[in-house]
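What follows is a single structure, written as structure tokens, with notes after it.
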């Protein structure tokens, strides 16, 4: 879990994904010689801070978002949300501005939120949760499992991937807006129209720790039933533990693909976590194992 | 009204439009020899479960959505909405899962909704209203007038259509996402930028039963005034009864076209119904007649 | 401020931008001989009522929306909103229908809004605030500074612009839907991916009258930090007065660009106003001066 820990520690809230992209480029550069297939990389001009890896003759694309939730500093150290973070009083935030490093607790006054810090912070400075990474026998726990774990899953799958695309996207937590053009590029250049969303979901009454990766039949978005059924069938035939999720809230890059001007079949497949969007996101290791195994099979059989 | 009755009875909530598409393909196959012009059909790979019919040299496209509202089964027979159905206690829902047929009433407990059924239903199973189709002298009444009647209108118009496109779309009731790429296909291949939305609207203070098909000047979406004015003018000149609608809520595939990356002029033109999104949607036959007549003229003159 | 006054007086709520476009075409025709560079104009078929000006070899596009907020007449002189106008009782609205000119005050009854007028107004008639343009030593004040001032800024910048694109867009106040395809055209034909949003923002605790044009680090939309940083740097280096804005509400054509299927870097740069979306929108002249100066530099250096 050392790699995952490093990824959780990178400051990359929505709008500032560059550091995550550079980390991945370095990692890929250092490790791809050990991968079964070396991918073609697409990034740079026209891709903003996103990154696409193409392996062999792809039929399916995995989408994993690089950005995290966080906060933006407004006036007089007031803070506003990036995405939907938990905002409990006392949570420790960190960041950097033109003067130097920042660390302070969330405080609330008159229905506004502030960071408690000794000087005025530059306007527009982004803050993220202070990382406390906990690795135990059965669980990993930290802020930003969502979605550094989804990105980490892609790097695991990449080791043996022969045919497929991996997309690292931006802004998923705050307004989206990249999977539309990334999907356009993929459909136009590679003719791929099948997507898997590598992201982290919620522990609920129906989806519990340790019972396997969740295959989401729907959330606020409603994927095409016939596509989702194929995914469930592959999971069953390979005896990979999984759980079926049905929600009517929450969303993912799947919604962004669906609303784009390109025909996408998509399905959210990801481990569930407790303490969603807090500094204490907690995932069971059996579910992580199931997630990697399921993606590896899906990329072969879809 | 036998054809309309059959269409209302097809189980095809958003995300599962395949059965409606197959019904239409069979119907077209059986009937198009009697049509004035035989259309080119576009469907299959890259079109998901949608269907496009192209007649002659088209200038205008009609969009009619195939999907209906409904419910998805969650955990322990809890149900969540597909689109915005009425959820009154006691409404009878039907569906099928891996074990067999399902029929049960909506019950409510602790602000959650359930279907009252004797066994646990498979997660992700979709349910729709049980159909009770009523055909009287002046009215037709059933669930899913919205939008099986809009699709039926297209089949009526198809009989004499010489130049134009008919698009059967998906997911309109829940998130949309197909008219973007269907519109893209149409603009790129046929250069058509004018749209009519064949869908069912509401009986209100300003739009009443039996006074003619509604031409919607706006709902939550705001079409270009100059285009809508042309439609009103054509209706007037042909002495077809119609009513002008002005609302600030509700939406249609028109909104999806407007938000796509293609320039669309669109207008919602459709009969009004009472008991919207319930098992008892009720439409006046004079308004249906007016709707077919108006579309036939619009496709000639626009 | 005579030109700005004329622009504020044009009736062009969202969906009816044609009059503004025609005004601009006439203005450009009459004045471009005095401009440093004569632009290529794109408009007409496939552009609805929008207008694009291309100067030299563009690297950056300015987007200014032509539409204003307003009201639509429903049934029995009830009115509903176009966009988000202030609706205080007594505000005077004007418009024209098939019978003639309309002028009347907003009245409210039973949680509905009406225009107080002596006869029934045609359904679908659009109404706008009656203009009271006030030009003092330090301020200009009128309805529709948002966004006639943003469009006026473009005309000022056009005088000396050598390389760049100016886009006049529609529907920004109500649902958007044009910058997607206008942006598509620009990226495909000119390869331009950098945008500035020429629009008017709010006077707040952090952004005040007379302290310079606002550079918005974020609102409900979150632009890419690295792009916004470049803009701030250019403003600093040229000693142009400016203010940094951070909000979590409000939006602009920037959101429309971000949600399109094209990769856009965008930033909202505009003077702040008091009495937002009312008949009394008030902007400081020093901020207008700063806005024009800042755009002129940005178009050179970005």
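For this structure, a couple of remarks:
To keep things simple, chains are lettered A, B and C as they appear, and every chain counts its residues starting from 1.
The rule we apply is simple: a residue touches a chain if its C-beta (ideal position, glycine included) is under 8 Å from a C-beta of that chain, and two chains touch if they have at least 3 such contacts.
In this text the structure is predicted, and so the values were computed from the model without any measurement.
If you lay the C-alpha trace of chain A over that of chain B, the rotation comes to 120 degrees, to the nearest 5.
Counting every residue number used by either copy at the chain A-chain C contact, under half are found in both chains. Rounded to a whole number, the gap between the C-alpha centres of chain A and chain C is 36 angstrom. Contact of a single residue of chain A with at least two other chains is seen at positions 259-262. By the touch criterion given at the top, residues 14-16, 18, 46-49, 72-76, 80-82, 123-124, 126, 171, 174-178, 180-181, 183-184, 259-262 of chain C touch chain B in their complex. Residue ranges of chain B in contact with chain C, taken from their complex: 193, 204-206, 217-218, 220-226, 228, 244-248, 255, 258-263, 265.
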